[in-house]
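In the part that follows, the structures are each spelled out as structure tokens.
Here subunit A shows up in two complexes: once beside subunit B, once beside subunit C.
Moving on to the complex of A and B:
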């Protein structure tokens, strides 16, 4: 029997008024694999991530994470079930410290209640100490340990992108949705990020990678899903996708595609 | 301990000597300032942390004042019971109206809270025998705890001080927990807070509920102190004053809420010599604060301390 993939997306669709932004898109992300979602600007990639993460509700179709339907659930519920996203433009909390930004990700796993928080009970102290240790270990792993106490504002862009990944990992996800994690990074930073993402794959996380940087995609992805105008136009290994006529056409235009062939 | 915390703690302890040195009138103003500070701490949670614009805080104070007054005068509740009931009743009301109200954002939420304040005043003014209507409600019993009757201003000062200290400590430790982080995150970026696992709607209702609890406690204490309340004590102008107290003090900090309440309670006394021109000067002063020191008194003090720390370290 074939084991069901970690994330199964079936005929996912979303309309905005007269615009069919996503049209019956299906794909799967197995645990311990990196699936890249690519396509030209406006192809519907961001809408798909918003649908998966609960920011938008699907008009039709199914999203199943580890056997549980998550389509239509609010964002925090999706995140708490283990599907956690990052944002294209790194949405951090400027009024929280770097460490607190990471700790925010632990909201779903904190076991203490409101009374503990008001009275600062030993139970809260114990858990907060443990969470702080976890958060510091994550920051250390990403090379941000020295920044823990500072504010987010004024932090280097590359560090902000890493911090967002730390916040996502603090939620102990089983599936990570990375929305253009390499955007705005120089090539050394992008390489470092690539190695880090490969490390997460080895730990068994499923990763859906939305990325414009084709070098990063070709190096990291186990499979690539290509969308254009809201429709899936190709899927396969990096080599298969690279040779696909429909993909070349979508990226380069009809004439250029013919010339390339 | 951080220097700011140490200074605040020392100042709080030193303030225990104030009844010995302050003239009676100033002591009364200070007691009213501590009572206001309770309501302003509620605004700190809802507005300062979570970004929910609340222009109806005086209505919560009024609900607390009238419920504790009625419970103690008509139903013989003791002081502690009427105080806690007022907090609970007001918090519950805040949750009930918060559920529909908090679907609104920004200006719309602000307008809705103004509407709530106006409605509350009209209801209190017209509830006849229950609230005493426009004539107000008198004969609210003295506060008493463990056999101590708080009949003098000096005694009441200590009562208000202790209650304010307890609420402040609770709210400060709340800020250091997952609840504090979640509420601040919602004001910073609601969408990203949600995808980080924060149940945004539930947290907003919680913030508004706590804002109500603090308002209710403040109102109950006010009633037991002045023994007489009337609808005019809880109008929209009072709501705006409470919000200005928070902003002048520093909107994200409990200490700021307390400092702002004290400063804005004494300011009218200090500016009394201006007579009718007082409101104009007051208004311009508040505008200057908003433009020149958006982080309030606490923000400025913090910056000075940081600069000194940098110079020494």
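Moving on to the complex of A and C:
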């Protein structure tokens, strides 16, 4: 054991009535690494993301982020502790501007009160100027600076996906949960997104990537965790996972897997 | 000349409708609840102000501060006592809850202040000033001024502050707002405090024009409701323009058509809007609301 990973998930379980949606899943995400969580549709990936981000409470098991247990905390508390997610179906505010959407990420984490906002105290102004600068820098990096004042509603889908990552980054995460960030992107856009995510990795962020696009997963992930029917069936480097019988079987079916081997 | 004088009076009355409609809108935008206790909250504000000014007329300016504080506290009580327990119920249940709050507030007001009408002094007295041949009540000018300040304050709060971005995010999609870490419960509490404070100020602005009794706000809230519909439910600028429009229709209608039909004129206007332009002057398309 070298040092404790940024995120440690231990025997995480969630039951919906009689259905064991997630069953004793364990894995870790170290800082500065990209771990991909993959599995066929209905494997329990989304449930795991919802458990990690505080949308659902675990039935059993532990989620430890940087030494702090976060399992069972509400979503905003989890975000404040540094685990921030993006959403599969893009949850942006269509009638706010691009910049406002990004700033909304920061609002959740920075500390100003109602009185500050009403009286526009110097403290708030300083903070606001600094956050705006930070948000614009992020937008610039993602090639969205030109759209800062636009309403999000009519923007291209690819840009909206990037915007969502920008918003998540404004929450100053130590661990980023990317829920199918490449869904609906064309391959050029997916490549560009991939490069950006690799850049985040070098900044020391831990990233848990949930993704269907296997090209993206194989290129980006340092490690891959495979789940099926709520159970972890494999874990390893992309090459190891690619060669794993159980994985082939889960994705291709029993017969096809045997034929492939 | 007379017309200009009438228009100034109409602007004053319209301003009070606008502030009340603003109270409606802020609660509706952020929580989706039409607050049927607005009229009684207006009355409560006027009565609190009446008690402060009763101590001495020089305290009239202090009354505004006292009403803001007292009504914000009542708003917090509203949030904890009515909104919080009901918020996961269908919105209709919450709306009926606001009716109950209205009845409660009205009857508690009756217990505290009694049924007799109270006269309330304006911070600017009840003088009139002559301006280029116009005779204008100072209180009318004061009302217009205070309303402009309130509108500016609300505008800055909603459109020029981070808190406002959060408010508008909450109005668009509360679930996402919660998930990305917006302190939703705190904003709901602030919403009710703000809505109650605005209603209370509307009451205190109205108080020197009419006598204050426990029924003061009832008809005012109906007019403000008409203002919100004419301006477009769910639109802050709509509330303001709607309020002024109702004030103009009422005052000008009373002088040029018939004073006994002034209420009928306002509500006929509202019905025309409901029939031919239900989204009001500034209303959003229904599809925009998630």
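Quick note on the criterion: the second predicted complex is superposed on the first by the 257 of 261 C-alpha atoms of A that agree within 3 Å, B and C clash if a C-alpha of one lies under 4 Å from a C-alpha of the other, contacts with A are read in each partner's own complex, and residues count from 1 in each chain.
Here is the rule we use: a residue touches a chain if its C-beta (ideal position, glycine included) is under 8 Å from a C-beta of that chain, and two chains touch if they have at least 3 such contacts.
Owing to the predicted nature of the structure, the values given are computational and were not obtained by experimental measurement.
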Message: Given the alignment on subunit A, is it a clash or a fit between subunit B and subunit C?
response: clash
- request: Once the structures are superposed on A, label A:103 by its partner contacts, choosing first (subunit B), second (subunit C), both or neither.
  value: both
Query: Looking at the overlay, does A:151 come into contact with subunit B only (first), subunit C only (second), both, or neither?
result: neither
Message: Under the stated touch criterion, which partner chain does A:189 make contact with: subunit B (first), subunit C (second), both, or neither?
response: neither
Message: By the touch definition above, which subunit A residues appear in both interfaces, subunit B in one complex and subunit C in the other?
response: 53, 55, 75-76, 79-80, 84-85, 87, 91-96, 100, 103-108, 110, 112, 114, 117-118, 120, 124, 128, 167, 171
Query: Which residues of subunit C touch subunit A in their complex?
result: 153, 156-157, 161-166, 168-169, 172-173, 176-184, 190, 288
Subunit B residues within the subunit A interface of the complex: 170, 173-174, 176-182, 184-185, 187-189, 191-201, 206, 252
Field: Residue numbers on subunit A that touch subunit C, as the complex places them
entry: 53, 55, 75-76, 79-80, 84-85, 87, 91-96, 100, 103-110, 112, 114, 117-118, 120, 124, 128, 131, 167, 171
For the subunit A and subunit B complex, residues of the former touching the latter: 53-55, 74-80, 84-85, 87, 91-96, 100, 103-108, 110, 112, 114, 116-120, 124, 128, 167-168, 171
